[in-house]
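There are two complexes below, and they share chain A, which is joined by chain B in the first and by chain C in the second.
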Partner chain A sequence: MSSQDDVAADAVRQRPTHEKGTFRGRLLELADSEVFKGSITLGPVLVLLTVFYAIPVVLLLTYSVFIEDPFSSGLTFDHFGRFIDMSAVTSFQFGELSYVRLLGRSLGIAVIVTVLSLVISYPITYYLGQYAPERWKIVLVMLVIIPFWTSYLIRTYAWIPILSTNGFINGTLTALGLPTLPLLNNMVGSIIGLVYVFVPFTVLPLYASMEGLDPSLIEASRDLGASRWEAFREVVFPLTLPGALAGGVFVFIKTAAAYVTPSLLGGTSGRMYAQVIETQFGSAFNWNFGAALSVILVVVVLGTIWIAMRWGINVKGSRGLGGGGL
Partner chain B sequence: MSVADGIRDRIGSSSDPNDGAGGGLKLAALLTYLFLYGPILVVVVMSFDAGRYGLRWEFTTEWYASLATRSDLIGSLWLSVQIGIVVMIVSTVLAVIAAFGLSRFDWPKRKGPIATYLIFVPLTLPLIIYGIGLFVFFTRLGIGRGFLPIVVGHVLYALPFATLVVGAGVIDLDRSLEEAAMDLGADPLTTFREVTLPALMPNIVAAALFSFTLSFDEFLISFFVSGSGAVPLPVRIWGMVRADIEPEVYAISVVVLAISIAVAALATKLRRF
Partner chain C sequence: MASTLHLDSVTKDFGDVRAVEGVSFDVEQGKFLTLLGPSGCGKTTTLRMIAGFETPTEGCVRLGDTDITAQEPYRRPTSMVFQNYALFPHKTVGENVGFGLKMRDVPRDERSDRVAGMLELIELPGIEDRGIDELSGGQQQRVALARALITEPEVLLLDEPLGALDLKLRKNMQVELKNLQEELGITFVYVTHDQEEALTMSDEIIILNDGEIEQRGTPTEIYESPRTRFVAEFIGDTNLLDGTYVENGSGATVECGGVDVPIDSFSAVTDGQSLSVSIRPEKIELGGRTGNGTTVTVGGEVKDVIYQGNVAKVHVDIDGTELVLEQQVIDTVNLPTPGSECTLSWDQENTNVLTG
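Our next item is the complex of A and B:
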């Protein structure tokens, strides 16, 4: 942001605007100091973030190391002990580590959902970035972004009449004389719903990469005899992968913490980790254990981002691109 | 593949750009749009269905008619609109201030990035953790659940997005306009009011609209901090879906989708790519 020109320009313009001695003049002079400008612009926001974001989250997490109420009861690591049952570990009864298994399954689902999102994102972004007619492009991109900003709750439960036993897909299969498929209230339901709500996280950064890709590179490879597939594999794919991975990291961390989609579409066999956290606060009233489970989820999420950044994935580059709602 | 094949391929593709891979990609893109909009279409179709889940679909508008009699749903819709408007105003004002703070001033080394990270942490941590954290926080304060915790949660949730949208405008802003105004004798406040704000207006309006839809559609935070007195529409819809006995759920969902798609479309159009 800073440049010598700016400094020079500041020096030139400051003189005529400050009427020395008047209240307004002194106010404007004060307003010119960098510290003042910084604290008055970011100050209120940082105070709000601290009071209404950091303190609530940290307060929740501190419950994990106390027997009951934070700071008025003793410290304990029992809540984490309940997550990793050491007696089961030492006796090699890994099947009894139900919370660890649930976390493992959630992360497994997150990997599947991330891969599927990337697979779905490549063709449409390749089309939008390289083939779409110029005058339709903005409308076509908008059409991808808009669902991202509309109720994910409604868009998720919309899958119930599509996937259920007598829903649209199975109704069609029955009409064709084919056997019905179990698509709802299991892991398949969770995965379909999660890909659906999170796919824009990979589409948007990948589109940015595809847009920025110089078409002459593809042409050059084709001129040198590469088939379309070879051109994609050797030129397009490596050049756009960074954008795709940045979005993939977001799909992974969002899926690992998913609550709404598995609750509506996953049933018992598609149950995911965040649902157990909610249970501790909603019906089990075990805040301390719920907080311990939350700490583990936060560690997983931050750890994923840390590893991704170590691998050179530009996580920040894709942050919040285009959307929200999740 | 031989060179001759390559040349033939080239000639073929340049004479008709939409054949081969182009056509295949077009089909894939079409299927992706079907995937994105199919479920939304299903909600609309179901909202006009007389019998539910039946194989035979019969047209009816009775669910829309019965919406008018559901004072609980109308109350929740109105509450969600009110919360959305308050959140929109607060988070947009904060976003304008924060966007300038982040992109305009020379920060001492490292403090700039730290401030940036702090504002964007809410985008990375799981929303469910924040929702529960707010619930615990307001319970401990003795405030409990209701309007205020929902508004606070939604403002903090919408703020990073709004800041990004306004920030993009601040970075793109042509500073020579402001410098010209100052050279012509305008003081910083006048310059901001007469030059900077109008130039940023599309981004500010887009940020406001995005903040509104984010709040209007937000479920998870509301789920943890809304109480019996103040139930926003998404939480009400969640209850209807879980209970699975109220066919009006599709009709009210169409109303919600219509509002949020209209607002999101307008915001996306205003926001510069």
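Our next item is the complex of A and C:
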């Protein structure tokens, strides 16, 4: 069909269509096409994710399976083997598995920090979402966000004079005639610092869930004989689980890979897995082993979350809550 | 276990706002009481104080001889049906209905038997395993009712429970609720702003306005003899006439512009004081009447006739004062024509003197 016929047919149908052939017409047609709409909306995100996420991950995977420089040396799984020393496993010398133990400790700290963050966030968000006067809500939420305006590093440094042997807490304890507590340069220091940093990340999603929780549901449960604790267990907790999971997963991932906080507050006994990765890249210049350790961390953390989500979905048949896609 | 619910001069302030002011009433066991009023009149707050969700600023709530003013909601023998039903979305119908029993540590087997029985009662047997989102609005309403009734409360509190249903369903539920209440013999305290709903279901109605009780009475008393201007206007349509009270020997009249409305002499007011009266449109007839009471007859001119199917509203002008009357339409030919002269009459008993 010729373009003239098209125009004629359009005229008969009285449908406004772009003139064919002209530059303007072609431009308008392009602007209408699905491909153009798709690439202009999704394109920038795809480019960003490719450059800053996909390429580094591919690089990391590549490094982890070569003996030394990628493609100029042979393939090997020795770096992964170094993580789990099979001879130590077979001879039951589990104490020798220092990397596994370190990863285990990091995951343990991550679990503790996640649980503590949620425990702290629940009462705060319950008040914010259910009781706080409307005009104060935004101010109170801002109070949670304000610490983000200061550098993470500075905020972490600020804990040193609070937690140290002669610091604020121990100074107060001494003044009261109580024994001092070892709070800095150990696991406790790491945990305190991490909880402090990550509480806002559980507060915000949990607040969104609490805000959306119909207060009459809580009243109904109370009316039907539930004590405060039972009302929480039966109504508040299951209905805010999606928010808790969203915040908890985020905190768990970030904490399992925490580096700065344990470096500053953790000392030797509070050492975490990411610090070993840094050592491999930084001072040991063993990028291949560092890459392998990173891959292991990613796989283990994702695996843990997957298991936790499967378990979470099946909790008391709380249908359709959280992590449906996992 | 016949416990009367008492409210003794209950007052509730929210900050500077007084929501309920000195409300006192009592409801006998097994009665259906409705708190009726426009939104913001304090009816829901009153209900919530009975449920225990709000603590009165002053006054007390008693059930039988027990003071329950400060008792936690979960210790009170009251149950509430919420306006939006407040069914737990993460629980099945069975878990929702059985919730109150679970909280009372009733064993699982007994629980499922009683849930099944309750679902039978609300005519939705066998839906224990359904999700709440799989139910229609009417079914949710019944499930909410079942959940509140399963703990065998002494008082059931209902906060506009039919508000979200469509008209036809609402009418059905009104009858069903009333039947259920009579069957179970539980005290119902029902909050609504729908006057028709209140008249249909209640044994007694309390009209609230601005946190205070305007009038309390049976549906008939409330409708037939409103005592205040607010009640007369709020319930049904009426002719409100403002005038001056004039004594004349044995009786009295209220002179309202073009109409002199004769009333029984009234000791509460003195000669020349202003007074309002209310006459329901359906109590006024066209033409003279031969009743056995004292008949009031006035003449006027038909201004307007509004045909509404079963009835017609006739607006009549009497020397500048307008009265509306309602006439059954038996035959459209007999409707008066605008502009024609007419005579109106009503029984003097049907004139209500409004004191507030």
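Just so it is clear, the second predicted complex is superposed on the first by the 269 of 326 C-alpha atoms of A that agree within 3 Å, B and C clash if a C-alpha of one lies under 4 Å from a C-alpha of the other, contacts with A are read in each partner's own complex, and residues count from 1 in each chain.
By definition in this document, a residue touches a chain if its C-beta (ideal position, glycine included) is under 8 Å from a C-beta of that chain, and two chains touch if they have at least 3 such contacts.
Every value quoted in this text rests on a predicted model; they were computed, and no experiment measured them.
Judged by the touch definition given at the top, the superposed model places A:R233 against neither chain B nor chain C.
In the superposition on chain A, A:Y63 makes contact with chain B only, while chain C stays out of contact range.
Legend: residue contacts after superposition of the two complexes on their common chain; A:R26 is shown touching neither chain B nor chain C. Once the two complexes are laid over each other on the shared chain, residue contacts for A:D214 go to chain C alone; chain B is not touched. Of the two partner chains placed by superposition, only chain B is touched by A:L42; chain C is not.
Of the two partner chains, neither chain B nor chain C is touched by A:R101.
Once the two complexes are overlaid on the shared chain, A:I146 sits against chain B while remaining clear of chain C. Looking at the superposition, the partner that touches the larger set of chain A residues, chain B or chain C, turns out to be B. Across the two superposed structures, the residue set of chain A contacted by chain B and also by chain C is 222-227, 319. Interface residues of chain A, counted against chain B in their complex, comprise 1-2, 9, 12-13, 16-17, 28, 31-32, 34, 37-38, 40-42, 44-46, 48-49, 52-53, 55-61, 63, 120, 123-124, 126-128, 131-132, 138, 140-155, 157-162, 164, 166-168, 171, 196, 199, 222-228, 232, 253-254, 256-257, 259-260, 264, 274, 277-278, 281, 287, 290, 294, 297-298, 301-302, 305, 316, 319-320, 323-326. Across the complex, chain A meets chain C through its residues 214, 216-217, 219-227, 230, 234-235, 238-239, 318-319, 321. On chain B, the positions that touch chain A within their shared complex are 1-3, 5-6, 9-10, 13, 17-18, 20-22, 24-26, 28-29, 32-33, 35-40, 42-43, 46, 53-55, 94, 97-98, 100-107, 115, 118-130, 132-137, 140, 152-153, 155-156, 158-161, 164, 179, 182-183, 185-189, 210, 213-214, 217-220, 224, 234, 237-238, 241, 253, 256-257, 260-261, 263-265, 267-269, 273.
Those residues of chain C that touch chain A in the complex are listed here as 51-53, 72-74, 78-80, 82-84, 86-90, 99-100, 103-104, 131, 147-148, 151.
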